[in-house]
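All chains are identified by letter, namely A, B, C and D, in their written order; residue positions are counted from 1 within each chain.
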Amino acid sequence: MDEEKIIEELMSGKTKPYNISKAAGGEKNAAKLRRKYLEKKYKSKLDKVGNTVVDFEDAENRNVELSIGSAQVPLGFAEIMITGEYVKNKGDEKSVVFLATTEGKLVASVNRGAAAINKSGGVRTKVLRALMTRSILLECESVSDSSRIMGFVRSGEGEKYLKNEFSKHTKHGQLDHVDTYTTGRLLFIVYNVDTKAAMGMNMVTIGSTNATKALVEKLKAEGLKAKILSESGNMCVDKKPAMINIIRGRGISIVAEAVIKKEVISEYFRASAESIRDLNYAKNYMGSSLAGSLAHNAQVANVLAATFIAYGQDPAQIVDGVNTFDDVKVMPNGDLYISVYIPALEVGTYGGGTRRETQQELLRCSGVYGEGDSKGVTKLKLAEIIAAAVLAGELNLLAAQAGMELSRSHSEVKRG
Amino acid sequence: MDEEKIIEELMSGKTKPYNISKAAGGEKNAAKLRRKYLEKKYKSKLDKVGNTVVDFEDAENRNVELSIGSAQVPLGFAEIMITGEYVKNKGDEKSVVFLATTEGKLVASVNRGAAAINKSGGVRTKVLRALMTRSILLECESVSDSSRIMGFVRSGEGEKYLKNEFSKHTKHGQLDHVDTYTTGRLLFIVYNVDTKAAMGMNMVTIGSTNATKALVEKLKAEGLKAKILSESGNMCVDKKPAMINIIRGRGISIVAEAVIKKEVISEYFRASAESIRDLNYAKNYMGSSLAGSLAHNAQVANVLAATFIAYGQDPAQIVDGVNTFDDVKVMPNGDLYISVYIPALEVGTYGGGTRRETQQELLRCSGVYGEGDSKGVTKLKLAEIIAAAVLAGELNLLAAQAGMELSRSHSEVKRG
Amino acid sequence: MDEEKIIEELMSGKTKPYNISKAAGGEKNAAKLRRKYLEKKYKSKLDKVGNTVVDFEDAENRNVELSIGSAQVPLGFAEIMITGEYVKNKGDEKSVVFLATTEGKLVASVNRGAAAINKSGGVRTKVLRALMTRSILLECESVSDSSRIMGFVRSGEGEKYLKNEFSKHTKHGQLDHVDTYTTGRLLFIVYNVDTKAAMGMNMVTIGSTNATKALVEKLKAEGLKAKILSESGNMCVDKKPAMINIIRGRGISIVAEAVIKKEVISEYFRASAESIRDLNYAKNYMGSSLAGSLAHNAQVANVLAATFIAYGQDPAQIVDGVNTFDDVKVMPNGDLYISVYIPALEVGTYGGGTRRETQQELLRCSGVYGEGDSKGVTKLKLAEIIAAAVLAGELNLLAAQAGMELSRSHSEVKRG
Amino acid sequence: MDEEKIIEELMSGKTKPYNISKAAGGEKNAAKLRRKYLEKKYKSKLDKVGNTVVDFEDAENRNVELSIGSAQVPLGFAEIMITGEYVKNKGDEKSVVFLATTEGKLVASVNRGAAAINKSGGVRTKVLRALMTRSILLECESVSDSSRIMGFVRSGEGEKYLKNEFSKHTKHGQLDHVDTYTTGRLLFIVYNVDTKAAMGMNMVTIGSTNATKALVEKLKAEGLKAKILSESGNMCVDKKPAMINIIRGRGISIVAEAVIKKEVISEYFRASAESIRDLNYAKNYMGSSLAGSLAHNAQVANVLAATFIAYGQDPAQIVDGVNTFDDVKVMPNGDLYISVYIPALEVGTYGGGTRRETQQELLRCSGVYGEGDSKGVTKLKLAEIIAAAVLAGELNLLAAQAGMELSRSHSEVKRG
């Protein structure tokens, strides 16, 4: 169809914007026409948005619909020395971490923290758990029914049954175990799945829903009625801050820790080890607890947001990752021990947004793109890199805030 | 300096990546050289990242440091009819909302929700409060001292004093009032500030810190010793999920609501009004509460993340916005009442990331860029638009999940 | 009626146990007959339960129904030196605090803590706030209606209106101010009331319900429809652990603090000031936060339960009081600063269980029974005494736990 | 020694009140002398307190120290029809439940709820879990060490090791399994123990502490240093409201449910099934969630406090039990389904306060005193009885509040 005509039909409402791909001759052109339509309708320009490297033929439906172009977020980076289970920097090797942000001083802050850490021997990381979850919500007739289902589901037989059903619907994900919760008639079955290199929410949802459907059919045949109320019962919990993710873990549960030498502290910061310890207590624990916060840290959300956007992660999942616990201790020799425990770091190196152009480039540059091996080692490496960056951000901000009284200009950031 | 030489010095560590702007002849070129350095060091390509519309001379320090290019996030949009206090669509006018995302079906989901809402007469929005907060953390010698300070700070005289001191350090922000909390020796003073069109975190921090410094000096002169422990005591709370933001509000507290006609529900969804109500209860309240979640909704984080990235908001602040409360009721006539209450929607249309190229374009296209008037009406409009999109997302996902038993393929999304 | 006959009719179900007062010739005898009925029916003895000092003519309906006797809880005591706003021990004067408990070592624990405190100069206490709350839950037609009501209620005129209506229904309580919250159609009005010497829940409920009824009528006359859904909307919050009580305070918000001399620590405990500080951080903040607890202390619930039962307080309200924040700091000279902040200590010295025989005796012995003056000073004194006992319990248990490695037998308690 | 002389020495401080048992010729007399001392010192009477059935020779140290008498709490009762796993009322048999309270209308409230339940066929109860927990807090040198310990402790070998060590220190408790949590250097080992008929906190503490001590010694021999920081790390969590107890359960996790017939609702209450459902949603979920409460119910704390005092339970543990979830649904035929889920009901029928005179009498009368069998069936029965009473209380208060608009006098309670 003629482009002018399409735009005219969009203006009049005769054609809907999601319906023009064929007429436009593909998504790339459709995106252009939608921009023109919006420009005309809202009397505005969308030039820069149109300057895009995104392949919309590939992205449509997989990553976006009604596409018009792309938003561009400035990128910076930092380099951190990591001794993890999967990332093992040797000598003065470092890992590069990318941050996409519009928050001034954030990249500088991570760099200064990284510099102090690097000078003290680097970050140690440890993955504690790596399972993605989804809770299916069932309604039963009574607690006696929900208890029977819980009994079956937790039995050896039940577990085998669900694993088998689950495996029919995904070739990558592997059901590890299920947890169950009931209030009486309501029953939540939480599937815990090894999703390899993928973050895996989609495969977990499909596998869990179908395994539960099969279970319900099987139970019905045995005379026990139960009904699926929702394929997500908010006990997963995805993209909502929740204690269950802290207590049980979700995605990757990981610790990053470092010991900052006494002399490095005074070289890089205007604070002492003791003042950083006292601030961690007063701010991250007294303050956060008085405020009813699940997050006991200074700026974890900043680092997660910046790395998630850079690496094609789901930025909504920083909501789960932010509930991170800082720990600070002054060692007998005056050095500073600092650690972050991130119970729910939900990332992947395969699928979702990792496929997009700039995101893929950055994952590759950090050496963590793709399916990796059967353990999903690329994903675990990415988690270690992000956790190290989180630690660097915490060290720097705590030290900066603890040093405020001494600083002439607290907004000035001394960089690494 | 010669480009090759700079890269060589970066490789050898002789020069630091943040230090090359001058030698490179500006940030644009520095970004290029940093890319080359990273490409060489990590044996990888950064072509697409380098394809950027960002003006790094302008962005450096304001939005990013050690810049190398930009991350590109695909963009889609939706159009929603809004009757708010500030956005007042007339007739079949709609507001356009942009979503930057890599999550497939998200844009489609908001579109379907918007279509059902538009067909039912649109969204009503109401801003309940618009104040940004920062908590300064003080240490006193005893509860008797902290009580005295609290007494002064809450007195007419104290309020006047702090307002005056605050006003010296920002021309835009206006101190509305302070809240105080003490545990004995620790004292948290929370500044509540009208930040006009800006999200305003920075101006609030500067004003609050300096007003408190002045206060501490004044008290010292009166013989009362107190010490600032931190310019942020985590009772603000910024970028951490917290009950205090739900109870007190932070940024913009806003409600969006709609009444969906009975026949529209059956046209667009495979669920009934009753099943949507029951799911909201079982999932968003029973499920979320059992999980210890502060968020009582289905996918608010998705819509916030996508709009925040599109509009140059701070994506780390979706952590505060996500704690949204859905409410669903079946009306006597069978129609569906649905609302979202977002206690802490922290946005701005001026400063921060709003200045960047694509972000500014999208704000302008939605009619909400810039300083606006003395009330910051552009910001309030943006909040209304985002709240409306959040409501559309909730309606659609709740209806989709409630309808799952009837759907042959739950992954198929019927669009608007 | 003949006693045997009454019991026979109770056995056969012809007469109900709550219905026999008249026939039995009063509550005292009714209690006896109910015991006999239960003894016969359940083939069991209720002798000791029948050995009671309670005057059931007075207690029936006011404190209990279907009375049969009383439960007896063993009583111990401790003596603590207090320098508060209301309790002002001079010289080596002390206040006596009573504890009713069946938990071995609890009374001893408070005594050892008190001994260390007394030897260091006693406890300082400070009442920060004293208002009881009740939230009435309304349903409106839209957020525009709920906003209008909120606007009125918070206006000078609205406040005056509610204060006047409130005052019609209670002679003791005085409405201080209201807070409001809305999600759209749902509206919560929280009444904050000065209840003088009474804990005051009942008077607050009656006043709030009636003031809201009047408000609803007034609004209806102005064409604005709203409906009371419940006289308690769980945003009060009574007898449920909740952040709102921590953030806003409920009943009495109070701090008790003490500085324990370095040498006193080593005399009484097997722990150092530093180890107590480190334990407070690791246990009360790291541990409690990882567990998702609102309470950041060691054994506050024990002391509250024991004092509440002794003094005729409502023991269900320890649920609100338990959310107490311990703070520990090592002073420059090596002494230990320790404080407890109890945001919601809901007590009274008049009405409710304070009227009962043993409870009244103990209140009198501690010098805090009755209506007191117009400020309710007896209640404020009781709060100071309980807070001091709470502090003693915290000091002792933290010190005991911190010293465990050194102790041969951790179950042995070295007493004051 | 001469009584007058002892009192004189107490007055002068020469003798301490905990030190007079021998001189007084036993605890009974010591209690009397302490009363006299207090009466003299505080110029007050303690007659009624002295009128006690408590055998202080037996109670001293086991239940109380520095004893002076007892507090008396009025007792009422209710009778409820229960069909549980352990309590199995047949025909119109009922179980009797005792309530010790000073809150007027509470006993009446449970009675009216019970009457409506009994008329509808009674309560169904189901015990979901019965394990008491204690968390030992360890400090390690690094996350690598804490991970190694976690690995061992969760291995088959480690579990066997701990079970064996645990079993050396208690003849009743049996270690079921351990959970582990680490933040890096801090490690929490949570022992989950079957405590049979006892509530069991003491035996769990002794077993867990000693098993962990043995573990630490064993690890040290293998070159891995770890230190016990505290025998309780607040991840148990005892007597503090916490999500971990809701998610993992503590003590007894139990559901009680009932279906109230439509006609019974109108006979007993002024509310409809629909209004009770809507109130449960608006009050217990919207209200509680907005308030940041862990408890989603109306008055569970009241019923727990009253039964705990009557039956010699630890009243401080109502703090854990109160976090109960009400669920209400209108059945297709108009009947009302109502349930309570109590994740952490910490009770026992042996040891602790159950040994005291009136408490023992009441446990016996309800048929649940003592060690019971090897499963601790008496304890499980007690839990079923208390859960049934909790349900009755919830039904009645929700119905009363839902019916308020219709009631002329909401303070009037229509009884069973």
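Criterion: a residue touches a chain if its C-beta (ideal position, glycine included) is under 8 Å from a C-beta of that chain, and two chains touch if they have at least 3 such contacts.
Remember, it's a predicted structure, so these values are computed and weren't measured experimentally.
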Between the pairs B-C and B-D, the one where more C-beta pairs touch: B-C
Angle (degrees, nearest 5) of the CA superposition of chain C onto chain D: 180
Distance from chain D to chain C - Cα centre to Cα centre, in angstrom: 18
Centroid spacing, where centroids are CA-atom means, of chain B and chain D in whole angstrom: 43
Distance from chain C to chain B - Cα centre to Cα centre, in angstrom: 39
Set of chain D residues in contact with two or more other chains: 181, 183, 186, 243-244, 247, 286, 288, 290-292, 294, 325, 327
Residues of chain A touching chain D in the complex: 124, 126, 128, 142-144, 147, 150, 181-186, 243-244, 247-248, 255, 257, 292, 325, 327, 329, 337, 339, 341
Chain C contact footprint on chain A (complex, rising order): 243, 246-247, 281, 285-286, 288-292, 294, 296, 325, 327
